[in-house]
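Please go over the structures that come below.
Two complexes follow with chain A in common, the first pairing it with chain B and the second with chain C.
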Partner chain A sequence: MALSTTFYNAFFRRNSVYVGTVFAGAFAFGIGFDLGVTKFYDTWNKGKQWKDIRQKYVQESE
Partner chain B sequence: MLSRLSAGVLKNAASSGAKKTALGARSSVRYASSNASASTVDAILSSRATLASASLLSVGTIAWYTHLYGTIPFVGEVHASHLSDEGLHPPSYPWSHKGILDTFDHASIRRGYQVYREVCAACHSLNRIAWRNLVGVSHTSDEARVMAEEHEYTDGPNGEGEMFQRPGKLADYMPNPYPNEEAARAGNAGALPPDLSLIVKARHGGADYIFSLLTGYIDPPAGVEIREGMNYNPFFPGGAISMARVLFDGIVEYDDGTPATTSQMAKDVVTFLNWAAEPEHDERKKLGIKAVIIFSTLTALSLYVKRFKWGPIKNRKIIYKPPTDH
Partner chain C sequence: MASVHAVKTATTLAPTVRTLASGVPLPSRLNLNVKAPHDAHAHGHGAPGPRTDVQPRWAGGISRASSGLISKTYTSVSPSTHFQQRFISTSVARKDAPEVPDFSAYRTNTDSNRALSYFMIGSMGVISASAAKSSVSEFLQSMAASADVLALAKVEVDLTTIPEGKNVIIKWRGKPVFIRHRTQGEIEEARSANWKSFRDPESDDARVKKPEWLVMLGVCTHLGCVPIGEAGDYGGWFCPCHGSHYDISGRARKGPAPLNLEIPAYEFSEGDAKLTIG
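Let's turn to the complex of A and B:
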C-alpha cells in the first residue's frame, strides 16, 4: 500500500478524524511556533530582559 | 511619463521619415502604414492629451515636492522667526531597544527608575504608572512593595467618615510631587513640570529629543538673552527652558556599580521613560515577529494557489474547428 493511501486512510477518510487532525495540528503548531519565536527572541535579546537579570535581585528566602 | 513618450516619438519620427524619403524616391505608391507618421508627430505634439498630460505631470511633481519638503521648489522663503525657535533637531542615538527585534534593556530601566525617583520626581509626576507595573519589569514584588510603603496615601472614608493616611500598596499609582497644578506652577516660577508618563510619545524626536534635552544645556550664544530664572537649551523650542540642568556626574549612586555619568543617567532615565510610555513594547515586538512570519507565509501560499488554479485557464488554447462537410 502506497504511503499516500495510508496517509489518506489515516487522516482523510472520516471527516471526524480529519477535523480532529486539523484542530490538534493547529494546537500543536500554536505551541511549537510560540516556543520557537520565544527562543529566538530570548537569544537575540540575551541579558537584556528582566528574566535575565532577575536572579540578582530576588531574595534568598524562597 | 512624458520623457518616455517623447523619446519613442522621436525614434519613430526619425526612422519613418527616412523610410518615407526612400520610398518617395523610388515610387509614388503611398502606404498608409509608412506615410502617416510625419503628421503623427505633429498630431501627438499638438494634441490636447499631450498638453493635459504635461500639465498634469508638472502640477503633480510640484505637489509631490511641496508635500515632501513643505515648500514650493525654486522659491525662496522669508521667515519672521529664526529657525532656532523650532529647536535643534536631536541626533539619532543607538538605543538598546531601537531595532525591530530588540527589547528594552531592563537593567537600564531599573537604573532609570532610580534616577527618576532621586532626581526627576522632585518636580515631575508619573501618574499613569503604578507600583505594580514595576514588578517583573525592573523590580521584584518585594522590592516594589517596600518602595510603595515608603509613601503615604490618603484613603477613606472610614467608618466615621474621616479620610486617613496609610502606607502605599502595590496597586497605588506613583505619588505626585505637588498636590495640584497651581502648586506645581507656584513652585516652579509659573512653569508646569509636565507629567512624564507619556512624555516619550508626546514629544517630537521621542527618546532622542529627551536625551538631547537632558544633556544639551550650554551657555547661551552671543546675542541670545535669557531671562532671569530661565536656562538656555538649543534643543528646546525657543531655546529658553525653565528647567535647569539637573544631571551632573555622580549625583546618583547606582547599586550595580555603573558609573553615574551625565550621559549614562540621561540614557537610563530616558529608557525608563520610554518603558513608561510603552509598557507593551517587548510583547508587541515579539507579536510582530509572529505576525510577519504567519502573514508572509499565508501571502505566499495564496499567491501559489492562485497561480495553480489559474494555470490551466491562462494556458488553454481555444481552437475553432469549422464544420468540414455539409
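Let's turn to the complex of A and C:
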C-alpha cells in the first residue's frame, strides 16, 4: 500500500513524468535487450565464431 | 272462508355492500358500530375475541374524548378525474436507476491496483516504444550501403612502389586519382608560391597530409577532362581540353579552371607504406 502509493506519486501522477519515464525505460530496455541477446548468442555459439578461433589461424606479426 | 293468497313478487335487490373507489367497503344501512352481545356464550359459539366485522379505524369509529364518546365516519369522495387503474406489480419504480451502481464493496485495495494498472500500461508503452524505435532504425539501416559497396568504395595503394618524382593514376569510384610522390624541390616550389593571389587561394599545407605525397582527383574543375601530368606552364598538370594549368600542388593557375583540383578523403596506414583512399 505504502510502496504502491510512493510509486504512484513518483512516476504516474504527472503525465510528463510518466511519458518521460516510458521513453527513458524504452532506451534502457533497447540497450539491455541488445546486450542480453548478444551475450546469449555468444554463449550459445561458443567456439564456433571467428573471434573465438581467430588465434588458431592468424599469427600476429611483430 | 276467506282464503289468503300469498302474492309472490320477485324484485331485484340492490347489493347491500359496494366498494368505493378508495377501496372502502360501503355497506349502506348497515351499522357496523353495533356492540357485541354482552353474553358471548349465550348462543353457543367459540371463544371470545375481537369482532371481525368492526370497521377499520381509518373508516371511522368511536373514540373517547374528554367530552364523551365521539363517533366519526369518514366519507371518501370517489375521484371523478384522473382515475388510475392499479395493476398488480411486485416492484416499485427506482428513482436512482440512472446512476452508476456502487461497486466499492466488490473492489479490493484501490490504491495498489491503481499503481499496478499504471505500471502495466507503462510497461506496454516501454515495449511499444522500443519496438517502434527498432523498426525505424532497422528500416534506415536497410537503406545504408551494403558491405560489398563499402568494400568497393575504398582503394588501397602500396606507396613503396612509387618512386620519387613520379605520378600514379588509379581508379577510385569511377574517377582517376593522381598520386604524386613529390621531390624536395617540388615541395619547396609549392610552398614558396604566393598562394593568396591565386584564383582559388589555398595553401599547400591545407592540400596535403604529408608534403611528399600529393593525392587529388584527376578531374579538371572546368569541364571534367582528365589533365595531363608533368605538363603545363607551372610544372604540374595541364588540361588539354581548354588549356587549364595546375601547379605542383594541383592549384589552378591559368586557363578557365575556376577551382583547384579536388582532394579526396584519404589516410596513411602501416607507417607510410599504404595509402587508403575513401
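Here is the rule we use: the second predicted complex is superposed on the first by the 53 of 62 C-alpha atoms of A that agree within 3 Å, B and C clash if a C-alpha of one lies under 4 Å from a C-alpha of the other, contacts with A are read in each partner's own complex, and residues count from 1 in each chain.
Criterion: a contact is a pair of C-beta atoms (placed from the backbone, for glycine too) under 8 Å apart; a residue touches a chain by one contact, two chains touch by 3 or more.
All of these numbers come straight from a predicted model, not from anything done at the bench.
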item	value
Which of chain B and chain C A:Tyr8 touches, first, second, both or neither	second
Touching partner for A:Arg54 - first (chain B), second (chain C), both, neither	first
First, second, both or neither for A:Gly25, with chain B first and chain C second	second
Touched partner set for A:Phe33, first chain B, second chain C, both or neither	both
Intersection of chain A interface sets (partners chain B, chain C)	33
Chain C residues within the chain A interface of the complex	109, 111-112, 114-116, 118-119, 122, 125-127, 129-130, 133-134
Of chain A, residues touching chain C in the complex	1, 4-5, 7-8, 11-12, 18-19, 21-23, 25-26, 29-30, 33
Chain B residues within the chain A interface of the complex	96, 101-107, 110, 136-140, 142-143, 256, 282, 285-286, 289-290, 293-294
For the chain A and chain B complex, residues of the former touching the latter	33-34, 37-38, 40-41, 44-45, 48-50, 52-54, 56-59
